[in-house]
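Below, each structure is written out as structure tokens.
First chain A sits with chain B, and in the next complex the same chain sits with chain C.
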Partner chain A sequence: MLFGIHWDASGTAIHFALSILPILLIGLKVTVEATILGFILALLLGLILAMLRSVRFKVVSWPAWFLIEFLRDTPLLVQLFFLFYVLPLYGITLPALLIGILGLGGQYSAYCAEVYRGGIEAIGTGQWEAARALDLDRFTTYKDIILPQAIPRIVPSLGTYLVSMIKDAPLLSAISVLDMVAASTIIGDQTYNYLVPLSMVGILFLLTTLVVSFLVHKLDHKLPKTGIPMK
Partner chain B sequence: MNAHVVFDKVVKRYDDIDILRHFSFSVDKGEKVVLIGASGSGKSTVLRILMTLEKIQGGEVYIDDERLWHEGTDGSLRPASEAHLRKMRTKVGMVFQQFNLFPHMTAMRNVVEAPVRVLKMPRDEAEARARELLERVGLAERMHAYPAQLSGGQQQRVAIARALAMRPEVMLFDEPTSALDPEMVGEVLSVIRELAEEGDLTMLIATHEMRFARDVSDRICFLNLGQVLEEGPPEQVLGNPREERTQLFLRSLLEEDKQA
Partner chain C sequence: MNAIDIFTNLLQGLQMTVELTVLSSAIGALLAFVFGVGKTSHIWPVRVISIAYVEIFRGTSLIVQLFWLYYALPLLGISLNPFVAGTAALALNIGAYGSEVVRGALLAVPKGQSEASLALGFNSMQRLIRIMLPQAVPEMMPTFTNLAIQNLKDSAIVSLISLSDLTYYANNLQNLTFQTVRIYTVTLFMYFVLALALSWALGVLERYLRRWKPLVR
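Right after this comes the complex of A and B.
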């Protein structure tokens, strides 16, 4: 029994699979929640990092560069363990799921920062010069001129990272988050049947990533390549 | 003297190449000056410096008797402050060779954006003015079109309206028709010509269109190797140039025309 739901491993494999489906779906909900919140964090933090990195003053851009490299080039599992085991020593105790979201969002913010940077650099200097000639300040230039043109170009790359993040989310089970993967191994431990629960997990992941890929593709086609329209 | 814009011995270098060599030159209030010269002679650079798109390595630039660039601590020239730079910049508007319209904005929004964001003009007021300006450049019907839906000539006319919306005192035109198909050059030039006839605006125009230059300008400056080699009323510079370099340049333009 898990989440108050019983399973039945006595019948056929299909029967067993259907009986654990509600449990796995609860776990999937955790995975999806962590991914959505983590991805929102990654998008925002990534944008901030990308902008800090492009600042002319080295005092600002260099630490931003270092942080990006650090987050990108160390394993997510190590980052999660660090947050989970080390922070409490300094009196910071956060719920495991929140740590998972911070960990996922943190690492992916570094990937997103690089994607933003590429997208921003792809905008021609003419746009910057026109903005300067009109005396738009830096913030407005980013908000109204550069980002609306950069975003449609980077949607495919961001979508790839979103899918990749979904597939990284099971790492959260290593810090005691009870997600779909953790649920499936608990079921396996108790029934000695790993084949069915893990196969189900695989199928559910496949369906989830297919749906997300499809939505990203849709969004990509919907956005005009010249930029998000402003009337 | 009511000089509006003054360049005093300005030096501009890219890497180790001198673009402007002690370039001196001044423009009166309301004067229409056309800059001519071969590519690389520095005419675009003069405009880009005034628009603060380029820094200078020496000399002084004044707009309304106020210095644009100031000495930095390390001996390089830089604006006194961001606020000063922005104040000076609001006096100047620029039209680019490549139009540089914002492709994700309608013609209307292109014109409205800066007055709303920079001058903090209420949106409906800015739109009313934009409508007037777009009418003036003959694009009242196309104001809701995006740049990609407009011809090159139409895009450049929107760009002119966009620059005018900020009520500049000095308008810079950096080869405004060089990127256009020949059949669209006329419509853009006639808009600039009308602007010139209206009077008040100080205008600096870099162009290769000699007939237009003759019609529109009070004075023509021939730039050669980063200096003003010859200047004067259009009839004199175009009709009876003193300098051999000027004669050569004008002859080469004529030959191009014949070939075309």
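Right after this comes the complex of A and C.
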């Protein structure tokens, strides 16, 4: 029994699969929640990192560069363990799910920062010069000239990272978050049948990533591509 | 324990991490070529199998693939030891990502090249090996480097099936000494240095593969 739902491993594989489906769906909900919140965090933190990195003072931009590289080149799992074990030492005790969201958001903020930077750098210098010539201030230049052109370009990359984050989210089970993978191994431990639950998890993952990829694709098509000079 | 002691202790796990990364990246690259070429094949069953492989392994999570190979496969009568399961999961996963790169690079070779080789009477195998791949491989290298680093990072999850890699030793040491901050900081830096070393080594390989490139055009 898990989440108050019983399973029935006595019948056929399909019967067993159907009886654990509600449990796995609750686990999937945890995965999706962690992904959505983690992604929002990554988008915001990534923006901050990208801005810090583009600052002219090397005292600021170099540490930001190092942090981005470090977050990108070290395993998420170890980052999660680090947060999970280290934060309590400083008196910060958070639920495991929240730590997981911080970890996911942290690693992907580095990816997002690179995407933002690429997107903004892809805008030709002519745009900046024209904005300068029209005497637009820095804020207006960003708001009305640069970002409207950069955003449609970065959506596909961000979408790829969203999908990839869904697939990284089950690592949270290693820091005791009860998600879909954790639920399936618990069921496996108790019924000695790992084949059905783990295969179900695989199928559910496939469906989730397909749906999200499709939505990202749709969003990408919705965004205006015309009327913006592409280089 | 100071950081040096922790480092020397963790070195025991370093070998496993390096072995796994190198072995699974190499097998993954092989899979990438097989299925990447398979996706461009004219024979439809080959294409279907290649597409199915790529979609399944890119669409599901690596941890699910690993657990499936390690826990679920024995129920079908195939028991893998942790090392084989870990290597297989990493290789199959990274191979699927690599296939897309191989396919993309093959399609990016100018069409005239394959037409010319056809006109010169090359058969399709010769065309692939002599004409297409030598031009496509250098273009794949930057993305392959990223994938290899991805693979290095992913290899940390084998600690979850009790393979004694770097992360496994870090967790072990954490349970014994509770020097949490130092242990995980040292571990993270070890992975970071490994990633830099990997990217340097593949950069050397890329320059070697690209050596004839300036001669063209």
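By our rule, the second predicted complex is superposed on the first by the 225 of 231 C-alpha atoms of A that agree within 3 Å, B and C clash if a C-alpha of one lies under 4 Å from a C-alpha of the other, contacts with A are read in each partner's own complex, and residues count from 1 in each chain.
We take it that contacts are C-beta pairs under 8 Å (C-beta built on N, C-alpha and C of every residue); 3 or more make two chains touch, one makes a residue touch a chain.
None of these values were measured; they are calculated from a predicted model.
> With the two complexes superposed on chain A, say which partner A:Q149 touches: chain B (first), chain C (second), both, or neither.
Touch status of A:Q149: first partner only.
> Using the superposition on chain A described above, determine whether A:T209 touches chain B (first), chain C (second), both, or neither.
After superposition on chain A, A:T209 lies in contact with chain C alone.
> Considering only the touch criterion stated at the top, classify A:P224 as touching first (chain B), second (chain C), both, or neither.
first
> What is the contact status of A:I68 with respect to chain B (first) and chain C (second): first, second, both, or neither?
neither
> Examine A:G188 and indicate which partner it touches, taking first as chain B and second as chain C; both and neither are also allowed.
A:G188: touches chain C, not chain B.
> Of the two partners chain B and chain C, which one touches more residues belonging to chain A?
C
> Check the residue A:D135 against both partner chains and state whether it touches chain B (first), chain C (second), both, or neither.
In the superposed model, A:D135 contacts chain B only, not chain C.
> For A:V201, is the partner it touches chain B (first), chain C (second), both, or none of the two (neither)?
A:V201 contacts chain C only, not chain B.
> Which residues would you name on chain A as touching chain B in one complex and chain C in the other?
Common to the two interfaces on chain A: nothing.
> Would you pull the chain B residues touching chain A in the complex into a rising list?
Contacts found on chain B: 51-53, 86, 89-90, 92-94, 96, 98, 100-106, 108-109, 113-114, 117-118, 144, 146-148, 162-163, 166.
> Can you list the chain A residues touching chain B in their complex?
126-127, 129-130, 132-137, 140, 144-145, 148-149, 224, 226-231
> Which part of chain A faces chain C closely enough to touch in the complex?
Residues 69-70, 73-79, 81-82, 85-86, 89, 166-171, 173-174, 181, 184-185, 188, 193-195, 198-199, 201-202, 205-206, 209-210 of chain A touch chain C in their complex.
> Across the complex, what residues on chain C touch chain A?
55-56, 58-65, 67-68, 71-72, 75-76, 149, 152-157, 159-160, 167, 170-171, 174, 180-181, 184-185, 187-188, 191-192, 195-196
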